[in-house]
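Just so it is clear, A, B, C and D label the chains in written order, and each chain counts residues from 1 on its own.
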């Protein structure tokens, strides 16, 4: 599903991710932990090919970073659901329209979009807010919208960057269970988090990343 | 310092904050906890007069929400340091310039701005990143920049909305100690957080807010 | 199909969302291009006018003193039947006397018993305008005729008008090009600005897996809508200009600017082209 | 003081940051206002031309047959010394014969032994232009003189030109107003667009305690810079227009458009005013 082979992506003078080698199978749940600025977000960006490695290569769902073209990056991203650390919601569109965006992109019919989006919003408890604009939501609610947009298209991989940073413990746990349910249906989940307490007792595969160095961890 | 008298701010159809009455003295450390969408951010917005209560009143540093005018809101905000949940950094300005903004607003001289900003960036370990633009920082680093901007002007009140949401436990604890040091110098600190584990053992005054209802809590 | 409708809707909605910017674009395009439109109209009219004046000079034929008006009429008819001759007007001795009166304030019969002024006629050559070299043989043929005393025609003036017209054409072309170039920069910048203000949308669309084409189409739809609206506006303004110019000209000359649909169609096509090119260029720049 | 420098710098830097938008604003203002500038120049020139043509008609004085050229000269000098008379040109019998030759293609001495054409002179009235009613007494006075046979002047034409000129003025005023109004909308929209693209900056400045004035000043500085640059650009373009128009006019008439500094200064002032007003209005709207 995902294979990093000596992949390095570094910023001028900064760490990024260096020489990462690992692979992730269908239906695995990976938890990426590490201090601030360690490279967690960069690692996830490499998976959705927003950061093409300067050395080594990354292979995701059959696409290899070595020879991927602009058009194929779009196709890859349709299979990958992403929860961004800063949400990346469109300020001038309602919750419904934000969540519907990935479905319009793949050309789904109006009625299907409606039923799909309504279903996800319902599952995440956002139905009441579906006509709100992002700035009319609390921080935590925005984060859940970002998650809704990631999972609405039934992706084969979910990348969740700090998906519980703005959530209270109960809500965080609910999200965790949701991600686990998605995983059980065969989707790989990669979650970057600082909330070590939340995940430490769970049966995940842990990666620890420190100053760009990725290594497996017992948690 | 801060006094809420039956203050209510509600959104059309949504909760917000209702009928809050409490007061905060100089040098107090208040921790506001509560689930997502409870009204924590709204409460803080009422303190910096971004949300003027529809009923009741809020008094901060001698300014009362009843009769405050546009010009005075600016003066009030110069005394209040705010860490925003979504950071509110200027995308097209470096870390240094973002942190310097409140000092330029009060008309501080160039040299003073430099020494002040350099001092704060140093204390928060951001010196190396001072020329980066916000999108060239990790999520946690952006959050620390937002904090730096809040404290650079030596405010009389610091309002910190989820200041550790993007930080790992060690960094979070460091920030907590920093806020405590600020508090000890006589500044009131109000912090909204979900990270109950981080704060539960500390000697703060706790407010719990649920569906807009604020009440004191033992923590 | 759903996708196509969605994209059309997106283009339309994004226009509506950015009302201010849209209005500004349309106004800018409309106003600047109405100048181009008016310029083009004026040029096409001017060219027509110049062409008319090129063929508007007269060849004057003076007859001998003893030629009667009816003889002169006969000779003129002969001349009129010649190749390349368009029309002829006879000026009888009596008419010449009237011209004299107008010019010198005196009745010639008050001064003299007899009218010494010769009969003459004015000849005009064919509509399309002739090169000076083509006029010579006509003049020679008339001079060779019986009872014709003298033929005068503005040989030098014709050559001058020829060269003036060439100069005029190149000046007009230069001005038009300058305005068009200025307009191009303006239009493409305006559209770039519009797109620039939505770089968030572009980034997020790409993050959720939109192809470049999907991102582009709404902007191109938008460009077309803005372009057509701008084109229509500039046509309206051009029409107003022409009407104003005409009521202005009316004060001085019977000559009126003629509305030319081809110019308007060309104008709208040019605007649409620029708008589409501007959108494409701007999107391309922001997509990488 | 530090604050003031900071605000100036801010205005300048924000211009530089938004190069595209700045360039677009300046270009828009420059281009559209250069049309206004050219229009204003043309109008001021046209007004001058119209005024000249108002006073350019000649009063023709024909002398009796027996008046010699020198006598005529004397009488003309007398006329020239009259009130309201600007200049006079004598047309001797000999010159009249040349005009005859040009008009009729015949030498009058070939036809007759003696030249029957009278001596005449052309009189022009004072520069500023006279009402038809003011001309009558002058004509009456000349007619009353010795050796003057006849005075002719285009009374009807003068009345016509008067009314034409009034009509022309109101048409020109109308066009200018229309262009200026269009420009105002355009300029203020362009600046609003620029400001609109920085609403993040405004929000954050207000959050960290900036007063309205602090937020406004950089935009106003920016408005002034854009305005002055736009004004200078439009002046340059107007200059180019005038040069082109002159080299164009040269082909047809000796008349040339004259560069008028007052128009340019007015232009720049108008642009600056609109820019500042536009900025203020836009900031006001976004500050609440």
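The working rule: a residue touches a chain if its C-beta (ideal position, glycine included) is under 8 Å from a C-beta of that chain, and two chains touch if they have at least 3 such contacts.
Since the structure is predicted, the reported quantities are computational estimates derived from the model, not experimental observations.
Asks: Taking CA centroids for every chain, report which one is farthest away from subunit B.
Replies: C
Asks: Provide the C-alpha centroid distance between subunit B and subunit C, rounded to the nearest whole angstrom.
Replies: For subunit B versus subunit C, the centre distance works out to 68 Å.
Asks: Could you give the separation in Å between the centres of subunit A and subunit B, each centre being the mean of its C-alpha atoms?
Replies: 29
Asks: With chain centres defined as C-alpha means, what is the inter-centre distance between subunit B and subunit D in Å?
Replies: So the centre of subunit B lies 63 Å away from the centre of subunit D.
Asks: Two or more other chains touching the same residue: where does that happen in subunit D?
Replies: Touching at least two other chains: none.
Asks: Of all residues in subunit B, which are in touch with two or more distinct other chains?
Replies: Where subunit B is concerned, no single residue meets two or more other chains.
Asks: Which of line, ring, star, complete or other matches the graph of chains that touch?
Replies: Contact pattern: a closed ring, each chain touching exactly two others.
Asks: What chain-chain pairs meet the touch criterion?
Replies: Every pair of chains in contact is listed here: A-B, A-C, B-D, C-D.
Asks: With touch defined as at the start, can you tell me which subunit B residues reach subunit A in the complex?
Replies: Within the complex, subunit B contacts subunit A at residues 11, 33-38, 40-41, 85-86, 136-141, 144, 161-162, 165-172, 194-197.
Asks: For subunit D, which residues count as touching subunit B in their complex?
Replies: So the residues of subunit D touching subunit B come out as 2-3, 6, 17, 200-201, 203-212, 214.
Asks: Give the list of subunit A residues in touch with subunit C in this complex.
Replies: Contact set of subunit A toward subunit C: 48, 50, 70-71, 74-80, 82, 84, 88-92, 101-102, 104-110, 149.
Asks: Spell out the residues on subunit C that touch subunit D in their complex, using ranges where they run on.
Replies: 20-21, 23-24, 27-28, 31-32, 35, 60, 62, 96, 99-100, 103-106, 108, 111-112, 116-118, 120, 150, 152, 164, 167-168, 171-172, 174-175, 178, 182-183, 185-186, 189-190, 192-193, 196-197, 240, 244, 247-248, 251-252
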